[in-house]
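Listed after this line are the structures, all set down as C-alpha cells.
There are two complexes below, and they share subunit A, which is joined by subunit B in the first and by subunit C in the second.
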Partner chain A sequence: MLGSGLLQGLAVTAKNLAGSFHDPARYVTTEYPEQRTKLPENYRNFPFLVHDDPADPNGTLRCVACQICEKECPPQCIYIVMERDEKGKALRRPKVFDLDISVCISCQICVEVCPFDAIKMDQEYEIATRNRFGGLLLHREDLSKSNAYYHQIHPTEAAGVDAALAEQKAKQAAAKAAKAAPAPKAAATTATPATAATAQDSAISPAPAAPPPASAPDTPANPAPANPPPDA
Partner chain B sequence: MSAHPANALPLLERLPVALRDACTSWLPESWRWLANSLLSIVAIFVVFATLFALLTLAERKILGRVQNRPGPNRAPLPFLGIRTYGLAQPLADGIKMLTKEDIVPRGADRVLHFLAPVALLAFSILTFAVIPYGRALLPVELDAAVLYFFAAGAATELAIFMAGWASRNKYSLLAAMRALAQLISYELPLLLSIVPVVLVAGSLSTSEIVEQQGTWLFGVFPQWHVFTPWGFAGFLIFFVAALAESNRSPFDLPEAESELIAGHLTEYSGFKYALFFMAEYFGMCALSGMGVTLFLGGWQAPIPALAFIPSYGWFAAKLLALLFVFMWIRATFPRLRIDQLTRLAWKFLVPLALVNLFTAAFWVLSSGWAGPLAFARWLVAGTLVLGPFLVLGRRLSAGLGPRTYRYA
Partner chain C sequence: MSAAGELAGLSAAPGTTVRAVNDPFHGDLLEVSMGPHHPSTHGVFRMMVTLDGETVVKLKPVFGYLHRNHEKLGENTTYLGSMPYTDRLDYLNSMTNNWAYALAVEKLSGQPVPERAEYLRIILAELTRLLNHTCLAGFLLQDTGCSGTPLMYAFREREHILDLFEALSGSRMMCNYQRFGGCRVDPTPGWLAAAARLVDGYGRFLDEYEALITGNEILMARTQGVGVLQPDLAVNAGATGPMLRACGVDYDLRKVDGYGFYPRFEFRVPLGDHGDTYDRYMIRVLEMRESIRILQQALRDLPAGPIIDAKAKNRGLRPKAGEAYGRIEGPKGEIGFYLISDGGPNPYRYRVRPPSFINLTVLEDMCLGQTVADAVVILGSVDIVLGEVDR
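Here is the complex of A and B:
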C-alpha cells in the first residue's frame, strides 16, 4: 500500500531518536576535547627521531646523519647537515635535521630505509599552528623523542626493533671477541688502541682504523653498518 | 482579545486576559481597544519569537539524536561559561546573524531586495491573528477567519518571488519559479482539504469551529474532526500540503542546497537571512496552529477529566506535537524531484481532496443515522476514504517503478 514505506522509515528514525538516549551502542559520539578514543597501534602521521637516553636527547640520537632518508624522501621534505668537529671530521650525528610536515606525505619510506632504526612514525595529531611557515617546519629538537615514547605508541613494533638491535649488538660483541682472540699475537702493540676505537663506534660502522689482518673473512658482515656515511 | 464572557471562566483560564486588562485599565475607555490590540500583537510576537529560537535548537537536537549524535550542546551562557545542554545556542546564532555583513549584490534591486524579507515576515505574522490560542485568547474575532488566514498565507508567495527576482541571480530566480510552482500547486489541496471542515461546521469562524469539536462521544471520546473518516483524510492531506506550503523537507525544493545553492536565499546574509528563517518557522507554526484548530480540536482537552488544565496549555501541547512531527519528517525523508512534487499534488492530493468533499457531504447528510445504521455510516465513509486512496496510490507510481538503465 502507498505510504507503508514512509511509515517504516518513520519507525526507523523514531527508534534511533529514542535509542540514542538509552542505548550506548547507538549513541557512539565521542566528545572530542574531553574524551579521546585510543588510536590504533598502526596509526601514523609524521616521522620523529628516536633517542635512547631522555637525559641527553641530542647526544643519544640514533640518527647518524647518513642522509639516506633525505635522498629517498619522495617529496623531499627532509634536510640534514652532519655535525663536524673543528678539524672537519664527521661526528656521525646531525647538526641540522629539519622536516617540513606541510610537505611530508606520511609515506613511511624514510622509516623503511633507515638502517639504524633512528626514524619512526609518530601519532601526535594535534599539530595545528598559527604560523604555517615556521610552525610546520620541525627541527631536531622538536623531532627528538625517547625510545620509551616509541614503546608507548607502537608497542609491538618497538619491541621488535629493540630485539633486533640487541641481537645486532650481541653479534658485534661476539665478532669482537673472536677478533680479540688472535689479535694479541699478531699485533700486540697496535691492537689495543684499535680495539678501543672499534668498541666506541662499532655500533655505528665497521672500524675505520686498523683493519684486522686475518679474521676479516670469517666474521659475518653486518648488513646494517655496511652503509658507510657518505662524506658530505 | 475576545468577546467571551471572561468573568465566567476560572482564574487560570482568563489569566492572560486579566493581565492585559490590568495593564490597560488606567487608559480612557476610547483608547483601551488600541492598547489592548497592541499588547496582543507584542505578546504574540514575543511568544512566537521565543518559540522560533527554541525550535531552531530543538530541530537541530532532534535531527542530531535521530542521527545518533548529541546535536549542539556546547554553547555556554554568556559571561558565566556554564554549558546548559546547548540552550544558549539560539543566542549565539542570533549574535552571529546580527554581526554578519549584510551584502546586497551590485546588480540587485535594492528596494525589493530589502522589502522581500520584511514582506514575508509581515504576511507570516498576519496569519497569527485569527488562531484561537485558548478559550478566551483569540486576537481578532472574524466571521471569515479561515478565509483570512489562507489569503494572508498565500501572500507569502509574493514575497518569495520578490526575493528571487530582486537578487538578480540565476539560482535565486530559478528557485523562485520553483517556489511559485510548488506553492500554487499545493494551495489547491490545502484549501480543498479544509472545505469539508467549513461544510460540517457551517462556519468560517475559527472559534466556532473549535467550539463545535468540544463534545464527547459516550462522555469519553473527543469529537474532534480528525476522528471522523473525512476528517482523518482531510488532516493528512492538509498536513502534506502544509509541509509543502512551508517549504519544509521533503518539499524543500526552493532551497535545494545541492542544486540551487540556497535558492531564493542565495544573495541574502546576516539579519535579512535570519528574517527569512524566522518567517519560515512562523509559517510552520501558523499552519500547525490552523491544523490544530481545524482538525485536532483546537484548545479542547482530549478527555473531560483533564479539562482543568488551561485551554492554552492544550493548544500549546498540540502545536508542539505537530511541530515535532514536522521535524521528525524532516529527519526521515529525502527531497522530492520537481516532477514528483507536482505529480503528487495534481494527480493524488487534489483528487483525494475532491472525493473527501463528497465523504464529508455524506457524513453531514447521514448525521441522523443511529444504531446499526451508524455502523453503515462509518463503513460507507471509510470506504469512500480508503478506496480512492488505494486506487490512486496504485496509479501514482504505476509505470514509474524501479528504473532500468541501459548503458551504451
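Here is the complex of A and C:
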C-alpha cells in the first residue's frame, strides 16, 4: 500500500522519541559542562613530561634532552635545548623544552620513540586560552607533571613502565656491582652510555634503550623503542 | 517545483551566485556556482552547474580548497612520520588508511605481519566500514531533505564505534593505530567483549534504520532512476567500491586481491542492478550486513600471539631502493599508496590513490539531464570526503 513505508518510518521515530526518556541506549546526550563522560584509559591528546619527585619537578625530569622526539615528531612541534654547565659539559637534562600544542597532532610518536619513558600523553582537554600567541606554547615548567599523575591517568600503562624501569635499574646496579669488583675503571664504563645518549646525532645507545619495551606487555609505547638504533 | 521557485531558493542560499548566460539557440542558461560553502557539498567542494530551466546541462566540479600538500609532505618526512598524516586523508576511515599505507611500506621493506595483527586489522577495517556506511546513509538522507532524524540516528550508532576506537587507540578519529609489521596496541579482553556486543547489536540497528527509511516512498521517488551510472563508464573511469558494485560490476579487492586474511572469511559481495542512487544506498546497507558477518567470524577466531613482529622496524626505517603499491578495499573504494624508495629515510615518491576523488570524476555523467535538486543527492551518494579528494 502506498504510504505504508512512511507509516513504518514514523513508528520508528515514535519508538525513538519514547525511548529517549527511559532507554539508555537511546538517551545518549551528555550535557557537557555539568555532566562528563569517563575518558578511556588510552585516551590521549597532548604530551607531558614525567618527573619522579614532586618536590623538585624540574630537577627530576626523566627527560635527558636526547632530542629523539624532536627529530621524529611529524609536525616538528618540539624544541629542545640541553642544559650545559659553565665548562660546556652536557648535563643530560633539558634547559628548554617547548611544545607548541597548536601544531601538535597528538599522534603519540614522541611517546613511542622515547627510550627513557620521559614523555607521555596527557588527558587534559580543557586547554582553551585567550592568549593566541603564547598561550598554546607550553614550556618545560608547564609540561612537567608527576609520575603519580601519570599513574592516575594511565594506570595500566604506568604500572608497566614502572616495572620496566625498576628492572632496568636493578640490571644496571647488578652490572655496576659486577664491574666494580674486577676493575676500578667501572665508573668510566657505566658513564659511557649516558654521554653517548646526550650526543645529539649518535642514535640512542643500546644500553638504556633495550630493556623498557621487553617487559612492558600492556604499554602501547613498546614497539618503536624495541628497534635497533638507526644507522644515521 | 517550478523552475522559478527553485532558482529563487538557490539565489537566497548564502555563498551562491546566479548569473544569466545568453545562448540564442537554447534560450537562457543559468550558471550556478554551488559551494564551496554550500551545506550540501560535504565540505569545501564546488560545483559549477549550468542549468536549462531546472535541468543540469553541464557540471564542472571544482576542488582543491582543502589541498594540504599531503604527498609532498610524505616525501619529506620519515616513513613512520607519514602514518599520522594518513589519518587525515579520509578522516572517517583512519583505520583503513593506516592499513593501506602500512601494507605499502611492508611490501616495500618486506616485513611480515603476525597472525593476530592481521585479524585485528580486519576487525578494525570492518568496523570502519560499518562506521563509514552508517554515516553515508545519514548524510545521503540529509541531502534528500530528511533533515536531522536519520542523520542523528546514524551518528548515535557511529559514536559507539568511535568509543571503541578511542578506547583502543586513544583517539576517536585520528587513530594512528597500524604500524609496519603489526599494530600498536593490543586490545584487552574487555575491549573485545565490547566489540562483540556492538557487532551483535548492530544488526538490530540496521533493521530499525531500514524500517525507518528503506521502504519510504519519498526516498524511492527521489532516488530510484536518479543518477544512473553505466557499468562500462564506471569501469573506464576507474570507479571502485560501492559506486562500481552498485552498477553490477563484481569487483571487490577483498575477493580479487585476497589481501590480509580475507580469503579465510566467508562473505558475499552485494551487487546492484540499476546503478542508480537507490542502489548505491542499498549496496551500503547490504555491505554493512556482510561486514557484521566478517566481524563475527574474526572476533570468534582471533588468535593469541604478538600484535607486532619481533623484528618490525618503524623508527629509522630505510627500505632498499625499489617501489611498492599497497591497496585495500576501503569503505569508499580502492585506497592505495604508491611508494618509491631510493634507500633513504624518506620515500622518494609518495602517491595516494584516493577512492572518493576518482569516483567523483563520473559526477557530471551521472548528473546530466537530472534536476539540480537531484545533483545534490547524486553527489551525496558518491560518498566523498574532501580531506581525501583534495589531499
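The rule we apply is simple: the second predicted complex is superposed on the first by the 182 of 232 C-alpha atoms of A that agree within 3 Å, B and C clash if a C-alpha of one lies under 4 Å from a C-alpha of the other, contacts with A are read in each partner's own complex, and residues count from 1 in each chain.
Note that a contact is a pair of C-beta atoms (placed from the backbone, for glycine too) under 8 Å apart; a residue touches a chain by one contact, two chains touch by 3 or more.
Note that the structure is predicted; figures quoted are calculated from it, not measured.
K.L.:
Which of the two partners, first being subunit B and second being subunit C, lies in contact with A:Glu34: first, second, both, or neither?
P.N.:
A:Glu34 sits against neither subunit B nor subunit C.
K.L.:
After superposition on the shared chain, which partner residues are touched by A:Glu126: those of subunit B (first), subunit C (second), both, or neither?
P.N.:
So A:Glu126 meets neither subunit B nor subunit C here.
K.L.:
If you stack the two complexes on chain A, which partner ends up touching A:Gly9: first (subunit B), second (subunit C), both, or neither?
P.N.:
both
K.L.:
Look at A:Asp85 in the shared chain and tell me whether it touches subunit B only, subunit C only, both, or neither; answer first, second, both or neither.
P.N.:
neither
K.L.:
First (subunit B), second (subunit C), both or neither: which does A:Ser20 touch?
P.N.:
Only subunit B is touched by A:Ser20; subunit C is not.
K.L.:
Which touches a greater number of subunit A residues, subunit B or subunit C?
P.N.:
The partner with more contacted residues on subunit A is C.
K.L.:
Touching A:Cys107 in the superposition: subunit B (first), subunit C (second), both, neither?
P.N.:
Touch status of A:Cys107: second partner only.
K.L.:
For subunit A, which residues belong to both interfaces, subunit B and subunit C?
P.N.:
In subunit A, residues 2-3, 6, 9, 12-13, 16, 26, 28 are touched by subunit B and also by subunit C.
K.L.:
What residues on subunit B touch subunit A, complex-wise?
P.N.:
Of all residues in subunit B, those touching subunit A are 62, 65-70, 328-329, 331-333, 389-390, 393-394, 396-397.
K.L.:
Touching residues of subunit A toward subunit C in the complex: what are they?
P.N.:
Residues 2-6, 8-9, 11-13, 15-16, 26, 28, 40-44, 72-74, 105-109, 112-113, 121, 203, 217-218, 220, 223-232 of subunit A touch subunit C in their complex.
K.L.:
In their shared complex, at which residues does subunit C touch subunit A?
P.N.:
77-78, 80-85, 88, 149, 153, 156, 159, 163, 166-171, 174, 176, 179, 182, 184-186, 208, 211-218, 220, 308, 310, 312-316, 318, 345
K.L.:
Looking at the complex, which residues from subunit A come into contact with subunit B?
P.N.:
1-3, 6, 9-10, 12-14, 16-17, 19-21, 26-29, 31
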